[in-house]
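Have a look at the structure below, then the notes.
Chains: A, B, C, D and E, in written order; residue numbering restarts at 1 for each.
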Amino acid sequence: MTLDLVIQQLVNGLIVGSFYALIALGYSMVFGVIKLLNFAHGDIYMNGAFVGLVVFSFVGIWVGNGWLGVVCALLVSMLAVGLLGVVIERFAYRPMRNAPRLSILITALGASMVLNGTALALTGGKHYAFNTDLGFAGVDISTVHITYTQMVLVAASISLMAGMQAFVSRTMYGKAMRAVSIDMGASRLMGIDVDRVIALTFFMGSALAAGGGVMAGAYYGSVHFFMGFIMGLKAFTAAVIGGIGSVPGAMLGGLLLGLLEAFGSSLPFVGSEWRDVFVFGTLILFLVFKPTGILGRSVVERV
Amino acid sequence: ADIKIGIVAPMTGQLASEGQDMENAVKMAIEAANAKGGANGDKVITITADDACDPQQAVTAGSKLVSEGVTAIVGGYCSGAVLPTLKIYGDAGIPFVIIGANSTKLVAANQGNAFLANSTGDMQATTAVELFKKNGFKKIAVIDEGDAYSSDLAKLTAEAFMGAGGEIATKETTNAGEQDYSAVVTKIKSSGADAVFWTAYHAGGALLTKQLRQAGFQGGIVLGDGNNSPEYLEIAGSAGEGVYLLSPPTVDLLSGAGDFKGKYKETYGRDAGAYAALSYDVGDLIVDAIARAKSADQKAIIEALKASDFKGLAGEIKFTDKNTLQTSNFRPVIAKGGKWVAVE
Amino acid sequence: MALLEVRDLRLSFGGLKVLHDISFSVEKGAINSLIGPNGAGKTSLFNCLTGFYKPKGGSIRLGGRPITGLPPHRITALGLARTFQNIRLFKEMTVLENAMSGQHCRSRHGIVSAILHLPSQRREEENIRTTGMRWLDFVGIQQHAHRLAGGLSYGDQRRLELARALASTPELILLDEPAAGLNEREKLDLVHLIRRVRDETGVTVLLIEHDMGLVMQVSEKIVVFDYGQKIADGTPEAVRADPRVIEAYLGTED
Amino acid sequence: MTEARILPAAAQPRLMRWSVVLPALAAVACALVLPQFANAYVTEVATTALLYVVLCLGLNIVVGYAGLLDLGYAAFFAVGAYTSGILTAEFGLNFWLTIPVAMAAACVAGIIIGAPTLRLRSDYLAIVTLGFGEIVRIIARNLDITGGASGLIGIERPEIFGFKLMQVQHFYYAFLVLALLTAFVCLSVERSRMGRAWFYVRYDEDAAAGIGINRVSAKLQAYMMGAVIASVAGCLYAAKMTAISPESFTFNQSLLILLGVVLGGMGRIPGVVLGAILVALLPEVLRGAGTYRPLVTAVALLAIMLFRPNGLWPDKRV
Amino acid sequence: MEPDIVLSADRIVTRYGGIKALHGVSLSVKRGQIVALLGANGAGKSTTLRTLSGLIAASSGSVRFLGEDITKVPAHRLPHRGLVHVPEGRRIFGDMTIKENLDLGSFTLADDVERRRRLDHVFELFPILARRQNGDARNLSGGEQQMLAIGRALMAAPKVLLLDEPSMGLAPQLIKEVMNIVQRLNREGVTILLVEQNSKVALKFADYGYVLKAGRIVLEGLGSDLASNEAVISAYLGGVAA
């Protein structure tokens, strides 16, 4: 690989990786608090993209297809889909809080299928265009062209994540989230409203996913009912690799996954059809040597 | 007695939209036939079975149709899902006209009862190579999605092109459902390809086109027959301008299909998709074959199908001794002003 | 030769030194105790002995054989059994099954012979059951054999843990605060039971306990830890009189 | 969160209870005569149900007994199907001889992936198994010997004592035999020393290690036994389908099998069998829903989980 | 009702699933007292505390706190009214630092200056916590964890403190130290309901005591009376557990 190629793949990896990171973050937060692998998270992302598209088309009548429209779509979608996350938690997960973990996992799978099935029924499986005119202007580093859109996108997801990290580590509510994840009963004795904290976690996680959905929809220009499936898988992978439950871990995991994929596509001797073997192979090897992910805590169980 | 025709198509899953088109159009043809007195005076009714483009579901869907005692079956969009059903229909001796699926593997596995109404992969490969040559493309990047259909087409085209003295710059595989193609785009660009041939479906095709153009790829882009969808043009937008497509016979390209197009939209409230016209023809063809067989006897229908000399919306249907189309119905088209127009 | 020989054992977590060059030994057939303030490193020592923690240095010998750094299941197989500070029973399984679990390392039939229902496998199963029952009987809870372990009273759960450990036919058994949460009468019963373990089965006992009454009553030798260091080692009388022990642990009587 | 409580049968005072044996016998009897009354479609669906019974019983050993979350179980199903398919189609080996080879292949695959990773915590193990599932599928998709993306076609149908298994009914009986065999095997192991060891490890790994159980080896044995069962199912599946392709061994397939295990009531054989049958039947029963089928299926599923959080047929003594 | 009763239970019945753990327990705690709740294993002491603090709902009966009926008030509303529960087994947040644990104790407090003031008070009571404030709580030894649990409760500025077996698992010297702190808190005006199995320790400090057996109060009286009545108590406490 030439240097230009390496730089280009680095840029590619970072961009996809920042999407993965954003979605993984919500995955990881929800997991952190209620130890649930939320299979519906990818579908939340898909819903976010659809809501964003609807808002975008609507406000586009007044503000056009530029940044303003995208920002409106982003905000409205994050709010609406954040609330959707809260509703899902309330009706699908809360009744299961004392059920066996695998049953909750299956419930999450069910919730995912419901969201997906609804989207299929409503859209008939059609792929919708999300046409923006954000332009291709940007800067050139040697032969590598980076658009302003790409920069804004990476900056936006990094600042969302940084904000989240600050929230979790600095604020009282963030501490409450961590407390709830460690011991719900003891948290209640601190005066923490556990239901509220869990709802808030779902709100934030879902809003992040929706934000990712709108950004991805606008950036790639298409939205469809199945787009969440793969993204959910990637987010799950990234979250676990990062050390599940860890906010900065999710971020690193997402970026790492993006980079692995980018470079996995340009492996020497073999074609891109082997990319995922490379990606998963690396991840498995990685876990063998670092069994708790990048930033997961290595807990020596005290006996 | 009523004559039952089975329709197998993906009604759910990623290709549900295409399946919907197929079902709608076949039903339209059958209703039209019924309005004219049915087949041999019998009313024709349809039964739809969803295969979700999944091999296992396809087998259950297929055996459901067999158990319902259908006289003939039409449909099949995904080669991967059609393949394991060939044995079932073959063993049951049921005439099966395949509308979309066109991998050459289907030809090999056919037990004599199945007919491919769409042109096969090698025909498409030939058309593709012709198109490359005509446009002076010498180094092609071939990209598929790793499913039965697109990898078959990619392989056939690569072989055909190299056979014709062309060079394959790179061969890549992407994953269905992913949105980011940048890594592959980078590879294509650095491979020095002067054109890209995308053999999979329109969802990925539109994204790939967009991302190729955004990355400044100036060469030609050619798409396989799975890309003919209005959605492609909508999503690719301006990046789609000048892209070639090996199109199946769609309503927009067919002079005689204007009525059908309007009626379809009126009945189903949506535009007729890429395979609507061909599906309509196949619906027509099967009724025609039953009429020519003068009975609902399946052997006779198979014979009648073999002897087809049918002219429909999408063109003529005549089968070779392998039950594939005698003449390719692929037409190269080019995107101009947000529309597919024929390449002269 | 002593049954258990610990020499210069060191353990640390990150920067935190938990055990500093600990050496002591336990004679075969003895009942010894390990005492010390909270956080002195008593449980950590047990965890090193049984392979749950990997020591940073030093050696452990059981009956002359080195067991340092072996995985827990190997150590159990070599004859060292333990109970846990916070009861770790298989609460969702029956009392009998808990007792049977101890014999896993003393039996050998695997999946294939179970599928084939070999006669030798049937016999072994039968044997595991009866042995399990025998140990339940020994600790006095065989009437609860078919109840769930989690439903036993606290004191009976402690007994069951003991039965489970005994079922692995150990030479040395380590008890981590066996009297915690027991009332006076139950503590008396426990002292009696520990003596029977040694007298009737010949198993050597090393226990951690904060209840000085019990410790003084039952042990022949006491090892005292403070901040990861051994500060005393001797008979109950000697230890009780040791000013360092009084300062660090016992406190002045009032 | 508490795990569903599962009692291994050895705990039960009496091993054979008529209240269990009689209904089971009745169910087997019904299963035996079913093809006599049902049409090809119903038999086909029933065959699929039996396939899932086998797969779910196999996965239940891994998930239900040993408590390992496996999201890539379809990989072993694929290993079986491809081994048998390649050996019969490409090398002309007798179908029955391919079964032991497939079992061995599954064992090897199980050790390769399991030995270094089974000590991982459940969520990390989940991603490893998921990754493994994808790796196996992609390898099958990219190699020539596996027929690439289109898969293998024209796999020979097996013969037994000169009788060729051809029709759905034949395969129905073949799968029925396999399902009964698997149930018998599971029952035998569940009540044995190794079966108990899995439960011990599942409830408390440290306590299990403390009483002399080799955790990794116990988990590995469960994992391999699950792998072997899936691979045998795969052999028969390949023979029945005559065409197999990577599309049959996706992540979704793994999820579906897991769904069957949990839906019915993890850990106990009757529950798992019920769950497996449900997973196969539910989408068929709901065929009428058309485009709404996935939605209706999902709602039904959610409802089951919400109303019966421990599965439809959990252990009575929970 | 007597005005100086701050916390009272009236015939509370509590169940776990179908099984009754409390069969109508009544008790009352007066302002400024240390009240001991004694009983054998499984007698229902912890269950009583959990019911009082709202962690489990009573299936009948009522709980009053500072003159209000709090039977239906959810657990998380009580700490900032002044009723704080230090649960059995300490339940500290092991993955968080000691300082974070203490901060959480004052979760409902918005005023950072006041939080700082309380923190200083806790650090003064337990200097070891101040020294290790940025270390993870899990690494504290048993005794230190007990101090953290009490300190965390003090961050809520309790009017009434429910303490569940603070002496469990502690070395003899530490038991003394912890009990001294309990006494000091009481002198500072905190009313205390103390659950103990170790009746000797508890009755040394208690103004009043209740003895529970199998979910029922079987004996009550002034602390000094009960202490002199050791024989009676040990008849209940030593009796068959559960």
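In the analysis below, a residue touches a chain if its C-beta (ideal position, glycine included) is under 8 Å from a C-beta of that chain, and two chains touch if they have at least 3 such contacts.
Composition by chain, UniProt nomenclature: A, D = Branched-chain amino acid ABC transporter permease; C, E = ABC transporter ATP-binding protein.
Here the structure is a predicted model, which is why all the values come from computation and not from measurement.
Common partners of chain A and chain C, by the touch rule above, are D, E. Taking each chain's centre as the mean of its CA atoms, C is the chain most distant from chain A. Top contact pair of chains, counted by C-beta pairs, is A-D. One finds 41 Å separating the Cα centroids of chain C and chain D.
Mean C-alpha positions place chain D and chain E at a centre distance of 51 Å. Averaging C-alpha coordinates per chain places the centre of chain A 32 Å away from that of chain D. For the pair chain B and chain E, the distance between mean C-alpha positions equals 74 Å. Among the residues of chain A, those touching two or more other chains are numbered 120, 124, 273, 276, 302-303.
Under the contact definition stated at the top, the residues of chain B that touch 2 or more other chains are 12, 16, 20, 146, 173.
Residue numbers of chain D whose C-beta contacts span two or more other chains: 3, 138, 141-142, 206, 210, 291, 293-294. The touching residues of chain C, when paired with chain E in their complex, are 13, 16, 36-40, 85, 153-155, 177, 180-186, 210, 212, 249-251.
Residue ranges of chain D in contact with chain B, taken from their complex: 39-42, 44-45, 48, 138, 141-142, 148-151, 153-154, 166-168, 241-245, 247-248, 283-284, 287, 290-291, 293-294. For chain D in complex with chain C, the touching residues are 3, 5-8, 10-11, 13, 185, 188-189, 191-197, 199-200, 203-204, 206-215, 221, 225.
Contact residues of chain B toward chain A in the complex are 12-17, 20, 146, 170-175, 177-180, 182-184, 186-187, 190, 202-203, 206-207, 210-211, 214-216, 229, 231, 234-235, 237, 270.
Chain B meets chain D in the complex at residues 11-12, 16, 20, 48-50, 54-57, 59-60, 63-64, 66-68, 79-81, 83-84, 86-87, 91, 103, 105, 108-109, 144, 146-148, 150-152, 173.
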